[in-house]
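First subunit A sits with subunit B, and in the next complex the same chain sits with subunit C.
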Partner chain A sequence: MSSTRSYARPALPDGGRRLAAFLAALAFFLSTVEYMLPRPVPFMRLGLANLPLLLAVDLLPFGSYIALALVKVVGMSVLTGSLFSYVALFSLAGTLASALVMRGLRALAGPRSLSYVGLCVAGAVSSNLAQVALARVFVFGDSARFMAPAFVGLGLASGLALGAFTQAFASKSAWLAGILATPSAAEASAGGSE
Partner chain B sequence: MRRPPATRRAERRERWEGAFDPTRLALTGVLLSAVLLFQPTLYGRTAILAAAAAAAWASGRRLSPLMTVVVMAGIVAANLLVPIGRRLATIGPLVVTETALLAGLEKAVTFEALMFISKACLGPALTLPGRFGAFFGDALRGYDRILEHKGSVKLDGFMRRIDEILISVYDGFQSGGDRADTGYRGRPTSLRRGDPALAVVALAAAASLLIR
Partner chain C sequence: MPLIRRAGARGGRGGVKVRWLDALIVALSAALFVCLAVSVYGGPPSSVLVITSGGDEWIYQLSQDRVIEVPGLIGVSIVGIHDGEAHIDDSPCANRTCVASQPIRRPGEWAACLPNGVFIRIEGEDIQDEFDAFVR
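The block that comes next holds the complex of A and B.
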């Protein structure tokens, strides 16, 4: 769906605050669901909780989008009890890096030019690079360079998988179609002036 | 008859949450994290790791000793990949050097100690102040609403079920019908029986910084 629609974010009544909170709730839920699923390889995660952030690239204004990214990190860190640990710091750096890269790419290329697969791969790789940089400082030291290729490779694989999943979800979701049916700011003002 | 581990863990969690105010517990966690990061010796960090692990167990959080050992071994091994300092031993192609080993141990102990402090000191009952706290509270309420449907999620038809859940929950959430308790509720409650223990832990942790 989103890959064929023209690129204009819906005009949400409260600046997208409620939708952002709902997407954060969805991220917590998907994180819980993923916890229950078997992992193909230990430490390998699909990162289902990033699906709402990926969808939000095309839904939320920038402020609500960043608030969603922050609440996702803080909420998941509180729920899993890792807020004071390096894990939360890595998660924050990775999430912010991927959120900003995905948003920046979307500003350059609309959904017709860049699918969720491309967005997600770019986001996952930038997230992993940010985490490798932090791991070099806090945990692994210079040895981080030995891990970086495998880590970025895992990011590439999980980014491809999650991007494909998000693309399929976006094309079938009646819930998302309902939100996207909300007129954009430009459409709303054009309608109001008629 | 011996009760199942999950039941005993739930009982520990209930006791822990009843003993401490979530805000004061979280503030103690912040202090302990700071003390850990400024701890000058590996012995001090190891002592905090042991105490934090015991507290995390008492809090009823799910712990995995095996995963803790694997992660710590991984961090130490990774630090040994770049040899620094006096050569202590050679294990196959890996040269164990003193400085790299100590740096690896310090990082591994710190990493896991921070995890245990977080697990012991943070819980879903913690509420955050300000606009961000209200936003966070909204997200948690949405999570509760969605979580009611957790049982209906199966791998078969996973995407369709997620979409159905979103449709069924979103309108009620968007209209704000479930916002009765929106806002910061994190004002500290009256004294709890665990407060003296928190004060002792905070003082002991701060005092440990003076020991060389």
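The block that comes next holds the complex of A and C.
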């Protein structure tokens, strides 16, 4: 199982701030694109804006990664006009749950045993479960359990679709390969001492 | 540098290969979905509409057409019962996702207006036809 823990993120010169800003802008753009798409089922979202966060799991240090998640929530809330309503709290809870679960899974398993497909499904399902839990506590009470099957099913479907797309993108992107080619902190220090 | 290089230009990598942890996570999520679906939708067939808002619940027969005004967090939602189906006809929310949702008629089906805190569902209970509505 040594191959599952061999992953190290690239040591970006500014701590990943420039890349985080680019990924946040990409999230806003994708969020706007998704806002324009018709929904086949109410509450059904593909979660396109989560693609930059999914890529960031393997790219950004933890601080910049969480900052990206928070900026994404605020930006999407501004775009949908829900920033000053408690609906934004649902978005915050879902995004943070998803971000932490994906990061935690990557800490346990590297890309050789866990691809973006598994990461995305876990993130989408945990995000939806967090929102159902919040709905149960603060809004709908016990009735929220009726939402759970649909939310888990939608999370599974959208996670599979977005995860497969992200995996295909990652396998072909020269931009991503260039960032990943940056030496990690451990590799950089080892190279400097030789 | 381009975001995407033409497929095959770099050679070697490409496509979506499923890893064993991917399969495990998908299987666990699917199992969770099945368990939740069985627990929610596995009840006996019936025809009562349960409306939840602000900690109160109202129960109505689906067999009687009516229009119900439901007070919520930001205003009044209108729930209609027509031909054995219930639907959120109007609500004071911004995006009106709830109004766009399909009518519900079978046990376990639901619709909700999150901004207004109104939740409607069909529940599987064997209740006599004599009542118009009651609160619990």
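Note that the second predicted complex is superposed on the first by the 183 of 194 C-alpha atoms of A that agree within 3 Å, B and C clash if a C-alpha of one lies under 4 Å from a C-alpha of the other, contacts with A are read in each partner's own complex, and residues count from 1 in each chain.
Here is the rule we use: contacts are C-beta pairs under 8 Å (C-beta built on N, C-alpha and C of every residue); 3 or more make two chains touch, one makes a residue touch a chain.
Values in this document were obtained by computation on a predicted structure and should not be read as measured data.
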Clash or fit: how do subunit B and subunit C relate after the overlay on subunit A? clash
Partner chain(s) touched by A:V137 [first = subunit B, second = subunit C, both, neither]: neither
Using the touch definition from the top, say if A:V78 reaches subunit B (first), subunit C (second), both or neither. first
Touch test for A:A168: subunit B only (first), subunit C only (second), both, or neither? both
A:A107 in the overlay: touching subunit B, subunit C, both, or neither? Say first, second, both or neither. neither
Please indicate which partner A:S115 is in contact with in the superposed arrangement: first for subunit B, second for subunit C, both, or neither. second
With the two structures laid over each other on chain A, which partner does A:G155 touch: subunit B (first), subunit C (second), both, or neither? second
Between subunit B (first) and subunit C (second), which, if any, makes contact with A:M147: first, second, both or neither? both
Going by the contact rule set out at the top, does A:T32 touch subunit B (first), subunit C (second), both, or neither? first
Running into subunit C, out of the candidates 63-71, 117-125, 135-143 or 171-179 in subunit B, is stretch 63-71
Both partners, subunit B and subunit C, contact subunit A at residues 81-82, 85, 87, 139-141, 143-144, 146-147, 168-169, 172-176, 178
Partner subunit C, residues of subunit A touching it in the complex: 39, 42-43, 80-82, 85, 87, 90, 105, 109, 112-115, 117-118, 121-122, 125, 135, 139-141, 143-150, 152-153, 155-156, 159-160, 163-164, 167-169, 171-178
Residues of subunit C touching subunit A in their complex? 1-5, 7, 9-10, 13-26, 29-30, 32-33, 36-37, 39-41, 50, 52, 55, 57, 94-95, 97-98, 100-101, 108, 110-112, 114-115, 117, 119, 121
Note which residues of subunit A are touching subunit B in the complex, please. 17-22, 24-26, 28-30, 32-33, 37, 67, 70-71, 74-75, 77-79, 81-88, 138-144, 146-147, 165, 168-169, 172-176, 178
Could you list, by residue number, the parts of subunit B that touch subunit A in their complex? 29-30, 32-33, 56, 61, 75, 78-82, 100, 103, 107, 110-111, 114-115, 117-124, 126, 128, 132, 135-136, 138-143, 145-147, 150, 153, 155, 159-160, 162-163, 166-167, 170, 173-174, 176
